[in-house]
Amino acid sequence: MIIVTTSTLQVPIEICATFAFALSGLIAGARKRMDAFGVFVITGVAAFGGGTLRDVLLDRRPFFWVEHANWIWLMLFLCLFAMVFMRNRHIQLTERAIQLPDALGLGLYASLGTQIALELHLPVIICALMGVMTAVFGGVLRDIFCNEIPKAFNDHQPYAVIAFAGSLLVVTLNGLNFSQWICVFVPAGLISLLRILAIYLKWRLPSWQIESNR
Amino acid sequence: MIIVTTSTLQVPIEICATFAFALSGLIAGARKRMDAFGVFVITGVAAFGGGTLRDVLLDRRPFFWVEHANWIWLMLFLCLFAMVFMRNRHIQLTERAIQLPDALGLGLYASLGTQIALELHLPVIICALMGVMTAVFGGVLRDIFCNEIPKAFNDHQPYAVIAFAGSLLVVTLNGLNFSQWICVFVPAGLISLLRILAIYLKWRLPSWQIESNR
Amino acid sequence: MIIVTTSTLQVPIEICATFAFALSGLIAGARKRMDAFGVFVITGVAAFGGGTLRDVLLDRRPFFWVEHANWIWLMLFLCLFAMVFMRNRHIQLTERAIQLPDALGLGLYASLGTQIALELHLPVIICALMGVMTAVFGGVLRDIFCNEIPKAFNDHQPYAVIAFAGSLLVVTLNGLNFSQWICVFVPAGLISLLRILAIYLKWRLPSWQIESNR
């Protein structure tokens, strides 16, 4: 099995994905009219929460945001800038505009998280779970901090499910001895593509057959 | 002090308890009409959250669900099966039906968690806390993910309190040099029994003397 | 760089701060009329949550509350005592009365958390973040467990912001080779003073320019 070296791929990938996820946190904080500290925490949690949880569970150190601490300064200025200049119409614009980088981030984070777990020789399902967790848990923590049921859990759009399928593909490609670039970027691209299709074709996950009794 | 070996006891115990707690998560997710991913996460968090938090705090690896990854596949199919076949009346049936395995799980998880902490020679109160945490925090995280105040915190039923008393008994029995089986299973049985009595005799924890001003 | 030894300073500092934060958790639990277990957990999380999260992220063991486990017994009796004797007027009294120790705790925890991270030679911004996290995250977790948006995120009072400024001062003083006592206690005092001024002069953080659309 050819293993992707963390140093080569991790940095550029995480930067792209981080930015999209940070913006989603920024918007969530703005929506709740949080103060500067709240916005900063929500932004940071959305951007780094998934990868940090993965690294805590896998006992990996240092965290991405510790190793690349300058990004935190950038995030801090981004938040302050947004608080001064962002208006309602910007929120709507930004929400639509981040769908593309968010889809890219979903693919890249899921593939990368899976690959990192594969390096540790964990079971297939755990590797796929780590990929999904990396991609999705930043948003989950963002919503919990905003006191809402995580959108990924009940908006019935295919999001984590696509990341899960892609993560299984990463495992498969590694098993077939493809090169590291193929193992990471082909599934990442497929996940991003499927996610964008899911948005534009309005795919829906199947619903429960039960009636809500609340 | 005779120490229970993790390998002998942990697996069968955690399987029983895990299943009951997983079902409680499944029902909570169904109640909130979450989508497939949400139900899966809530189920997994309810089943493995307490033990995972304990292991993160005690810096133990690998986690139970990493070592026995096949259970995750089983859980995945359980969730999908439930989404297709579960109806309202099943939820009510299941809620009543899981009270017994949940009580068993409470006892077994609390005793096992305490015993694991004892192996690490931690102070008495920490061992008891680890037992309670193992048994109760899956449910706490399940409720936080569902955006509710954890039921264990404000339903005024004796649940964690019973687990705490039982955990102290585990410590006491270890101190008296009883065999490992007695140290784990006698308190586990007592906790389960007390919990079932608490349900059927409708025991209540004492309330605050204050008026609610919200 | 002269490094403060953890053993000298950590214990008395954490005891002061812990008590104030524990009281804030106790009051939050009482407000929600939680049962004995809920109050105990909220109290513990408010008191130890920030330091524990810092130690998990920095991979430090043992936790303060594991090393000084007797404090947990004390906390347990405090909670039981409060449930029996606390009345509405006590809550109001206590809330006002803990503003001073809470301000002291904010300063001491933030300075200490920063100093601990400096010992590990982490980047400046990470050290400051660890200080803020130590001081603020107990309260954040307390509010999440109570199913509310964390007060530190949206009450628009300067709290974390003051801790952040003080944490940066800790880093600066360390860089200027001041003695360990000055590095920790001068910023701690300044943070506490500013926090008390912020309360009495009703300082407010700037608000968003956007309209709330919820």
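Each chain gets a letter, A, B and C, in the order it is written, and its residues are counted from 1.
Methods note: a residue touches a chain if its C-beta (ideal position, glycine included) is under 8 Å from a C-beta of that chain, and two chains touch if they have at least 3 such contacts.
The structure presented is a predicted model; accordingly, all values stated were derived computationally and were not measured.
Undergrad: With one step meaning two chains touch, work out the least steps from chain B to chain C.
TA: Each step joins two touching chains, and the minimum needed here is 1.
Undergrad: Chain A and chain C are the same sequence; what rotation (0 to 180°, nearest 5) superposes their CA atoms?
TA: 120
Undergrad: Answer with same or different: of all residue numbers used at the interface between chain A and chain B, are over half used by both copies?
TA: Result for this pair: different.
Undergrad: Between chain A and chain B, what distance separates the C-alpha centroids? Give it in angstrom.
TA: Centre separation, chain A to chain B: 30 Å.
Undergrad: Which residues of chain C are in contact with two or more other chains?
TA: 56, 59, 144, 147, in rising order.
Undergrad: What does chain A use to touch chain B in their complex?
TA: Residues in contact with chain B: 56-57, 59, 122-126, 129, 136, 140, 144, 147-150, 152-157, 159-161, 164, 205-214.
Undergrad: Hey, which residues of chain B end up touching chain A in the complex?
TA: So the residues of chain B touching chain A come out as 29-39, 41-42, 52, 56, 59, 61, 63, 65-66, 69-70, 72-73, 76, 83-88, 91, 144-147.
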